[in-house]
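The data blocks that follow each hold one structure.
You will see chain A twice below: alongside chain B first, and alongside chain C after that.
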Partner chain A sequence: MNYHWNWGIFFDQVQNGDETYLAWLISALGWTVAVSITAWIMALVLGAIIGTLRTVPHRGISFFANAWVELFRNIPLLVQMFLWFFVVPELLPKDLALWVKQDMPAKEFVTAAICLGLFTSSRIAEQTRAGIQSLPRGQTNAGLAMGFTRAQVYRYVLLPMAFRIIVPPLTSELMNIFKNSSVAFAIGVLELTFVSRQMQEDTSQGIEVYAAVTLLYFICAFAANRGMALVEKRVQVPGYIAGAH
Partner chain B sequence: MIEIKNVSKWYGQFQVLTECTTQVAKGEVIVVCGPSGSGKSTLIKCVNALEPFQQGDVVVDGISLSDPKTDLPKLRSRVGMVFQNFELFPHMSITENLTIAQVKVLGRSSDEARDVGLKLLDRVGLTAQAAKFPGQLSGGQQQRVAIARALSMNPICMLFDEPTSALDPEMVNEVLDVMVQLAKEGMTMMCVTHEMGFARKVASRVIFMDHGRIVEDDSKEAFFGSPRSERAQLFLSKILQH
Partner chain C sequence: MTQTLLPRRLTLIAASLAAFGLSAQVQAGTIEKVKESGAITMGIRESSLPLSYLDDKQQPVGYHVEICQKIVDGVKAKLGLKAVKINYQPVTSQNRIPLVTNGTVDLECGSTTNNAARQQQVAFAPTTFVTNVRMAVKKASGITGLQQLNGKPVATTTGTTSVQLMRGHEKGKGIDFKEVYGKDHADAFLMLESDRAVAFVMDDNLLAGLIASSKNPSDYAIVGEVLNIEPIAIMLRKEDPQFQGMVNATVKDLAKSGELDKLYKKWFQSPIPPKGVNLNFTMSEQLKEAIKNPNDLPAEQYNIKK
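So, the complex of A and B:
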């Protein structure tokens, strides 16, 4: 192999800039984390709501919730990214469209976070629904028999258990969101994938660059995994065996 | 206290309840028995509107369930219910199980709810388990907590749906003892159960159901003396054999 190794590349100045490549990578990691965490919070809140609505015995409501899930999980993420970036602004009322295109702060970041958040919300909605439906029907009856309203049954009885049950699949969703955030490069978010491509083009030190990026993604996913393991431990119910009655 | 008037109910084409009529007076204990699938659970769930019905009416303490203006959650909070599978809330400690509805539904302070809950826990003999979780208790203990949980709402009557049939035999009596005690204190009760010993001890009347109909509704003496229908006689002979 005739490869010219140069691990010092990270301390070189960025072309046409006054920071080092290392500093650039760290700021890229910051954007990756920012897109992922913003999208995660959105996905959790929306996913919980939509997933809950899918279990409500009401035609209109469950149609809406089903449509949401099908819409966001049946279109490739990359295509969704382009749709939000190039197409959705054109469909807005004129003034708003102008503002979005010209003045919206951190336009690429906001678009990427919304897109990834909605995409992931459809997946979390499915898991929430499955979690709720895995609970014995008697739990709902027991809650109602105590005088809870339907909303209170969800709030105090069903959702706390459903969320505990779905912590493992949520862990993979959180890991996925970090990995999927790489798609944001396509609309120009200066996150890890974008910066690594640029850096490889500038320096031709592909192995060093992608080794570093691989390591950073790995650390993100690993941290997500460990973080969720802590959550799982904290919310564990003493004596509870899933599925047992 | 409870009036069931001509109640009929269908699941699609299938008729589960056919013109059921009976009543439970204040302080009475009614035992409902009958073969599996005869509609006992469905009937008892109609009493606190957990199951809707298409015809007839149920009136609880003067309040009609078929009246669309009836506040069903409020009515249910006044009717205690105990289930075959206990249905304690698994993620809450025993104390929380006993207090949550008092706080969220009745608006009691958490201190007051705690006092009420712990007194009832003492009454069912489980004070030592207050900080545990349902999954850490035996079936019999869980069912006693479930009874205490229902009582924590100061119900005007109690419904039991086969409260001992999911229990290991050695735990049946600890639950029945609590129920007998409750009956003796004058609680109005409607119990789906095949525990005929319990029926003999405290029942005012025994109802026998078959294929969604109430086919016997007799005083305990008459029922055990000479049930009129052949089905009831057959059923009794079967469950009294062992």
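So, the complex of A and C:
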């Protein structure tokens, strides 16, 4: 291929700026991590609640939880991103809408984190439900027979085991959230994918830029994987599936 | 151990050499490729009105598309081929240069600015259009110049040269915009339309096209000082003198014979598909000059600070 290589490009100064392209990449990595972690916290809390509600023997509650999951997992992530960014503000009262669109601090970041958090919460809810339902029914009955309320059965019997069981799929989910955060470029969050596109355009050194960004995504996802492996080890119950090595 | 590994290593080397050979063949020259395959791949844009876009039947049309079709006719005539099949490959701001350098696209007929950084990777045909970077605003906003944008959100498209320009102006004049980015021109215009931004900075012909095809064209105006002058040209692979020669010859002929003026009138000053709007876009002095003396000078030569 007739390509003009320049690996030193990362140490070049940005056109019309004082910083280097390396500084751009570092700040972009920061945004990627910030969007991912914020979304992850949201997804974990909401997903655990919604997933638990799906297993509750109450029609209204489980209908609500099911609707939540189906809504957020049946629409492509990119489309959800546009819905939150372009459509939702139009539904607000005019003054509030204008504030959200123009003056809300870090508006792209907030929109992206909410969108990615809700999208992932539906997936975590599904896993939480699967975790709870994988436990023998006898455990619920035994808890109730011992005089626990249903809330206590969840708190002391079901959830502690269910969460341990779903650590492996949660690991994949945390890795996914880093990769899915790349969709946030579409609404203008200055994260890795965004900066790679801009830097490619500025410098015309596409291969070097995408190589660097690929490596950074890989490091993020791999760090998430190793971190969760530690969690898995700490919480394992000897003899149970999550602890079986 | 080493001995058993050796044959495997050799196959690996042979395989990579074969792969190299293959790509070298592609690079042997576009003319060879066209002769062998009877086809040429043209890179086109989906929404760069009126240079290169898809009409209501999803067919590529536009000023640059038509020039490229004439270039292919020229190649066909010079090689004495009966027919050359044109394959259309939609490209974006991000992938157009890689697609040209790696051999997927032979002739990029979009709206690519010819600048010095890009000349390191690709070659350009003589300039066939010159655009001025300005801004589109809603008339109701009363904005007429850059100074009024201080502290306001301003939209542009990711991966375009306008982003660099805005950065430069921010620094030079002490104006502090809040940049917002659309992933393509349509999205960036939507930001202006939905009040996410008060201005959209872009090539003026693209702005005129977006306004013409918007819901209420009379709501918008192109205003303010020119941020940059940019020569727009058809892009091709570097170090391919035979093909470059044919492309240059055709473009120069078109310029000399007055054909370019006719094409300009057809696409910039007459009703065009899909909606039959007329952009009423007068030819800039810089373009008149480029038609008189065809050249492939980069944007930097057009904007020497005085």
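The criterion applied here is as follows: the second predicted complex is superposed on the first by the 239 of 245 C-alpha atoms of A that agree within 3 Å, B and C clash if a C-alpha of one lies under 4 Å from a C-alpha of the other, contacts with A are read in each partner's own complex, and residues count from 1 in each chain.
One rule holds for everything that comes next: a residue touches a chain if its C-beta (ideal position, glycine included) is under 8 Å from a C-beta of that chain, and two chains touch if they have at least 3 such contacts.
Values in this document were obtained by computation on a predicted structure and should not be read as measured data.
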{"item": "Combined model on chain A: chain C and chain B, fit or clash", "value": "fit"}
{"item": "First (chain B), second (chain C), both or neither touched by A:P105", "value": "neither"}
{"item": "Partner chain(s) touched by A:F86 [first = chain B, second = chain C, both, neither]", "value": "second"}
{"item": "Which of chain B and chain C A:Q152 touches, first, second, both or neither", "value": "first"}
{"item": "Touching partner for A:Q198 - first (chain B), second (chain C), both, neither", "value": "second"}
{"item": "Chain B versus chain C as contact partner of A:A142, first or second or both or neither", "value": "first"}
{"item": "Touched partner set for A:P57, first chain B, second chain C, both or neither", "value": "neither"}
{"item": "Partner chain in contact with A:P160 - chain B first, chain C second, else both or neither", "value": "first"}
{"item": "Contacts of A:G239 with chain B and chain C, given as first, second, both or neither", "value": "first"}
{"item": "Angle at chain A between chain B and chain C, C-alpha centres, nearest 10 degrees", "value": "160"}
{"item": "Least Cα gap, in Å, left between chain B and chain C after the two complexes are fitted on chain A", "value": "47"}
{"item": "Chain A partner contacts - residues on chain C that touch it in the complex", "value": "23, 27, 93-94, 97-98, 101-103, 117-118, 120-122, 152-153, 158-161, 163-165, 167-168, 171, 179-183, 187, 190, 194-196, 198, 237-239"}
{"item": "Complex interface listing, chain A residues touching chain B", "value": "136, 138-139, 141-149, 152, 156-157, 160-161, 164, 237-241, 244-245"}
{"item": "Interfacial residue positions of chain B with respect to chain A in the complex", "value": "45, 48, 50, 73-74, 76-81, 83-85, 87-91, 100-101, 104-106, 132-137, 149-150, 153"}
{"item": "Residue ranges of chain A in contact with chain C within the complex", "value": "1-4, 14-17, 86, 89-90, 98, 101-102, 108, 185-188, 194, 197-198, 200-204, 206-207"}
